[in-house]
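Right, one structure below, let's go through it.
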Amino acid sequence: MTSQFHLTFNTHGRGSVEITADIAALVQNAAVDTGIAHIFIRHTSCGLAITENADTSVRDDLETLLQRWAPDGDPAYRHDMEGNDDMAAHGRSLLTGTSLSIPFGGGQLLLGTWQGIYLFEHRTHGHRREVVVTLMG
Amino acid sequence: MTSQFHLTFNTHGRGSVEITADIAALVQNAAVDTGIAHIFIRHTSCGLAITENADTSVRDDLETLLQRWAPDGDPAYRHDMEGNDDMAAHGRSLLTGTSLSIPFGGGQLLLGTWQGIYLFEHRTHGHRREVVVTLMG
Amino acid sequence: MTSQFHLTFNTHGRGSVEITADIAALVQNAAVDTGIAHIFIRHTSCGLAITENADTSVRDDLETLLQRWAPDGDPAYRHDMEGNDDMAAHGRSLLTGTSLSIPFGGGQLLLGTWQGIYLFEHRTHGHRREVVVTLMG
């Protein structure tokens, strides 16, 4: 049994948006109670990641690391059509990836206690981001 | 056909634990012979990765790179509740990710000759780590 | 319904090979029209990634970043059996990963407009690379 949903999220510039509740709601209403929830983002300048959901400074610090791994406006970049943050966003996207998959059982996502699902905006300005969720089981 | 298993692994501090045989055994006993084995780790301070299974110095060198990518006790971190290795572990987790998925066919994992499946402990002390394996096909 | 395909691609040294059309063709001929296309590479010195498909300088710049993240011939490496690029390739592989999964619906991959699927060769010389594609839905 496979079901598929198209969601959109508005971001407000660099940083992360928690989407755990949106995915959990789809899983709770699914026709099957055991399987995989697959989440895909249809862009190359933002990403998806699971990280700690308790202390928000974890995500601030991940932002610090991402800035270091793929700096804005690095003189080595050739691609800068859309500004200083353009290539940096693609570099960050390579590291965070475009999909997540999370098991569910008993109609619930099997996340650990401290795990949250986040959409990471890698551009400095906000965007409307499209996500495809596929539930299989 | 979907089946799901809960496994636990004890780690002994930084470094990798090979779990290839544990996953292969589940696949060999599965009701279907073609599909995907999905492995998920329910934590944000350790990770899963496929890497070379022959020369152990590869994993030592990956540890060297991980230490460089997300250094312990970096002065830029704000999150350090659980010590010097706390935020570094979350940074490493962003890079290694929380899940792997591997095709199987003919009742066997379709890993390449030199691929092994590893749980990477990113904290300096050992932990009991929970893994959910979902077989779909 | 699960179907599985074995593909091979020849690389010509460092850089990326677009494989979007190969995967799209399998999806278009699949028995189901909604599900997940899973792509797995059976090696630890190359990787798979989704990135921008318009301006080729994006992939040149990703190559620049990969070279910085896991430099060739780093004096800290212990593993160098196959030369200067050997351990660097394993380090890059940890970052790019060994699999991708992409939703399909209506018999089409649900990639965003600017997303392409790429095989990244991390060794300096070309290789014959084996890929397993599993379609589930």
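Each chain carries a letter (A, B and C) given by its place in the written order, and its residues are counted from 1.
In the analysis below, a residue touches a chain if its C-beta (ideal position, glycine included) is under 8 Å from a C-beta of that chain, and two chains touch if they have at least 3 such contacts.
Because the structure is a prediction, the values reported are computed rather than measured.
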Interface composition of copies chain A and chain C: same or different, split at half: different
Turning angle required so that chain B lies on chain C, C-alpha fit (0 to 180°, nearest 5): 120
Centre-of-Cα separation between chain C and chain A, whole angstrom: 20
Contacts with two or more other chains, residues of chain C listed in rising order: 69, 95, 97, 101, 136
Of all residues in chain B, those that touch chain A in their complex: 2, 4, 38, 40-44, 69-70, 76-79, 81, 87, 90-91, 93-95, 97-99, 101, 130, 132, 134, 136
Residues of chain C that touch chain A when the two form their complex: 32, 34-36, 49-52, 55, 57-58, 60-62, 64-65, 69, 95-97, 100-103, 105, 110-115, 136-137
